[in-house]
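Two complexes follow with chain A in common, the first pairing it with chain B and the second with chain C.
Moving on, here comes the complex of A and B:
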């Protein structure tokens, strides 16, 4: 396991470094010079020079990068020039809302995907199986934000049971408000991801159910339920772990759109607001943060997978 | 030699077997109808999508089949003409992503060495990130325009193509027919493009359709965030974005563009599944789902 861990980290570090270079370089790829972007079009040359030296733009480029990277590692991602707050504090402020949304959505994915995937695999050719496949195809085709709009139409406008604009409330201190605000965005996020995962589980399940050990389980007299759940599902879910990890990463990405649809105060909307205001330090900070999270999640998932499946860490 | 291989991998029965799949056939027909309808609309009633009128937020009626929007524009016309933006972005970005990704994968897999390591680390990074986020970064850097949206989605689509191509090359590199081509004096480029490439096209074509489907969604998401195809050209994503302010007055406005979007993605998805069945791609399915 240790050697696998080291190998995996050996892959992770260069990718993370590459990511920081790309995110850092982003601001330099923008048209115009960064000092101009910060100072605005009516800044005087003296102001520009002052901003340049404050931002360290007069230093050699590699030194600028290292300074920026060093600050980022220590948690200093700069200051949002729109709000005046530090980028780190803005991110930390919004993080719990997005994490809670992702967790709710993840629960939704698991609750929906496992049974749907199982039924799709086991009821192949029957009317039920076909019905499930239609549901899965539909779920796959509907983008997250349209689910959001449909939910608002149905639950907020026609039924009037849930708010169209969701507020964040911590789940542990105010579960009622948290669910009222979080259930629609979480469901909108979960549905497309759940259908992808369900398809994945279905194909994995179909493959597993044809294996010899399933026949052995049946032959030794294990009940159908036991065969399917203990022998089939447990093996079929193994590859789904990787899938779930990827989905979790993509939840955070899809959260941008969903949070905008529901005006949910999370990281996605922070990024959206930063994009609209061209608040570059904030854009850079949020993207760097998100990228780092994705990469770390990927490593964690791979390690989890290696832990669950010895073939990976030995092979 | 390589010409012979190329002939072999493009047999007619594949098309016929594909068309025997009723779902896939229906999907092709629906997409073609949509495209023809869209082109007809911009040819016959080019101004209808941008023409404002006094009748705002009307429900579907004989005069306006799908009703009107907040400026009294005809939603049916906007919907049909909006299809072009989706189709153009989807195919252009899938094509560009395929060209870059397959080239990178071929070179990485065939040449190996540090080329391979560097390319694959870059692909790892891109693959680790959700398509929308990558596309978002590219559009922020380049600025919103149709071309930049295409580039943005293509960049996000590159790694899966690269992985597929690389895996294919690694599998075929030491096969006898490749060695035979080498023995006959074929150069590296020739081997990669004329000997190896035709034999790994199956999964790549499937992936092309899968990417086109997710590109439709990604383009709509970008438009929805105000970073897509710039107005006044109608696009489904920006229509949905606008509809959100008027859901109370005009529920249809929020329904039809989404329906068009879902139908397009559904058809592309069915075509992808059908192609996968006839082209028999190994491993493509696993990587394909990662795109979303």
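Moving on, here comes the complex of A and C:
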């Protein structure tokens, strides 16, 4: 197990390095100049040169990259051109809000996806099964931002019960405020993701329920509920775990659209603002962080596989 | 939600029973979750509206559609406006007719020969308790005159040859040449008094150094900033608010939703297009006339706009009244040059002489012999400019000119505008100056580093601005202003369209908000009812 983990961690390095090169190349290909964002369009060339020099933008691109990389290896992701704060502190400031939103969204995904997937698989051909399939199709086709706008319209503007601009409050210190601020963006994130996961569960469940061991369980007199949940669902969850893991990685990397719609102070909005301002160091830092999250989650998913399916051995 | 005058829990303004029922139906089963969550937290103190004497206390949360870049008042970017008159005091303030009133300058006098001036400072302190002194003003002028760090202060401070201290609170200025009173006043109006020890762009990235009505309590970059009442503010009893929070939104639509839902008590710098949906349920404060003027800027070094007649044809084909009606929802005033209606250089007769006339425009275009096609570049997020360009495109088509629209992101438009690689663009200009020399601050009108003309500015314009620069008496200023206006009209490289008048919109419970002629929000007299 230890050697497996070390091997996987070793694979992180080239992937992260490749990601930094690609992101660096992409952001420098973008038109626009961060010095101009800070100095405004009425700044003179002298003033822009002064700002560029302060930002280190007067160096050749390759030199800027190597300087950044050297600092990043030592744990210094640089300084935001716009705010002047360190990238690490900006990410760490926003991280708790994103983690909390991701957890709330994951709870929503699981709570919605498992029953919907099970019903879709077990009630095939019935009215209920068809109704669930319509819901799943709708959830897949409606974009996240649309759910967000709809929720704001109904819950914030018409009913006035939840804020249109979400505040972040830690769940452990103020659960009420945390839920008030987080429930709408979490639901907007969870609904489309839950329908995808439910489809995975439904497809897997349909296949599993036709397997020999299910028939054997029934023949041995196991109750239907026990057969479905204990024997069927547990085996059917395996592919859904991969999907849920990837979704969690996506959420932790920052849910840009939903965070922007709800003005939620997470990593997604941080990245959005950084892109708008061409804040190169911040863009690079946030994306690098998101890539690292994905890599770590992939390892966690592999470990979960082994737990859920004893036939899989790690090492 | 707990920290503002929120209406959470009650229907939004203008909501009738049918709409409410539709909303309930749409909410379906999920609606049941709302009240439970609403009960979980929040201590919304939704006081009702009402008039009466200003009350002290409370916290106001307002939103704005763009995040701040720094706390440097020398960096006069629109995104930094919310903190300008909140954290800093200036030497004087203006009303909309540019009548000066004291701020940190308690008294001032201009010598009879217009070659020097004296400013007596108010006896007050910065936020950290240290006294405001003449040395702070002198250090500020020194920074303003450094071409690398002066940023927006460089132009207005250029009239000063030397600044010395008479005593701790007296500043003596010597001017480069006889200077018109309006230019001296403009210097004082635009000059923020920053604590000398903090007056540095790098330091002002994260901290402020002013003596304004509020102190900075906390700042979360890109998300919000919190101000507290400056208990040492020179105006006794003010400001009225205990706390002021400014939240940054990523779009004006999100901000308007939050305002309508009661998540914020006010919204700053909204486009005029929102006025129809907000004016009945909220207090609306319109922006200052000279703070933003939309100009149709043509690149005179690129075809087809290297042909003066083509530029003049386009100028005559801009239907300002229609633009104000359809793009601005009736808010704003037409302008022909970049002098707004409240400025000394404004000439209303130009709007009649060069009125919208497609026949005249076609005649000019035909006689130009120039190309009849161009590309206008516009930021997709700038919906008002996109709408304006679509109307202009339609009118230009009628005279046989094909204007294509290219939509890109804001950073790209700005970058390409500065490079001088665009053919034409709609961009706002600020001209909140008492002196007509204010026009020469804009990147398209300044003599040095002109973005559109580079080093090829029309000699007549250079001469007219030089004359204005020298003018000290009212008669000289008047004559030189007319000359500048005549060149701007003839050369037509940046044609005035209308004043933009951004909106500040507040819940009815918020009173006393003001904005100054530069459109900086002023919360000194704001209070909650």
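Rule of thumb we're sticking to: the second predicted complex is superposed on the first by the 241 of 315 C-alpha atoms of A that agree within 3 Å, B and C clash if a C-alpha of one lies under 4 Å from a C-alpha of the other, contacts with A are read in each partner's own complex, and residues count from 1 in each chain.
FYI, a contact is a pair of C-beta atoms (placed from the backbone, for glycine too) under 8 Å apart; a residue touches a chain by one contact, two chains touch by 3 or more.
Because the structure is predicted, anything quoted here is derived from the model rather than measured.
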{"item": "Contacts of A:85 with chain B and chain C, given as first, second, both or neither", "value": "second"}
{"item": "Which of chain B and chain C A:260 touches, first, second, both or neither", "value": "both"}
{"item": "Touched partner set for A:162, first chain B, second chain C, both or neither", "value": "second"}
{"item": "First, second, both or neither for A:272, with chain B first and chain C second", "value": "both"}
{"item": "Touching partner for A:200 - first (chain B), second (chain C), both, neither", "value": "first"}
{"item": "Chain B versus chain C as contact partner of A:152, first or second or both or neither", "value": "both"}
{"item": "Contacts of A:138 with chain B and chain C, given as first, second, both or neither", "value": "first"}
{"item": "Contacts of A:57 with chain B and chain C, given as first, second, both or neither", "value": "neither"}
{"item": "Common interface residues of chain A - those touching chain B in one complex and chain C in the other", "value": "30-31, 150, 152-153, 157, 164, 260-261, 272, 276"}
{"item": "Residues on chain A engaged by chain B in the complex (per definition of touch)", "value": "11, 14-15, 18-19, 22-23, 26, 29-31, 137-138, 140-146, 149-150, 152-153, 157, 164, 192-193, 196, 199-200, 203, 243, 246, 249-250, 252-254, 256-257, 260-261, 271-272, 275-276, 283, 287, 290-291, 294-295, 298"}
{"item": "Complex interface listing, chain C residues touching chain A", "value": "1-2, 7-12, 15, 19-20, 22-24, 26-27, 30-31, 33-35, 37-42, 63, 67, 69-70, 75-77, 147-152, 154, 201-202, 205-206, 220-224, 247-251, 254, 257-258, 260-264, 408-412, 414-418, 427, 441-443, 448-449, 451"}
{"item": "Contacting residues of chain B [partner chain A, same complex]", "value": "121-122, 124-125, 128-133, 136-137, 140-141, 143, 213, 217, 220-221, 224-227, 240, 243-244, 247-248, 251, 254-255, 258, 261-263, 265-266, 269-270, 285, 289-290, 292"}
{"item": "Parts of chain A lying in touch with chain C, wherever the complex brings them together", "value": "30-33, 36-50, 54, 80, 82-85, 90, 93, 150, 152-165, 167, 169, 174-180, 183, 187, 260-263, 265, 269-270, 272-273, 276-278"}
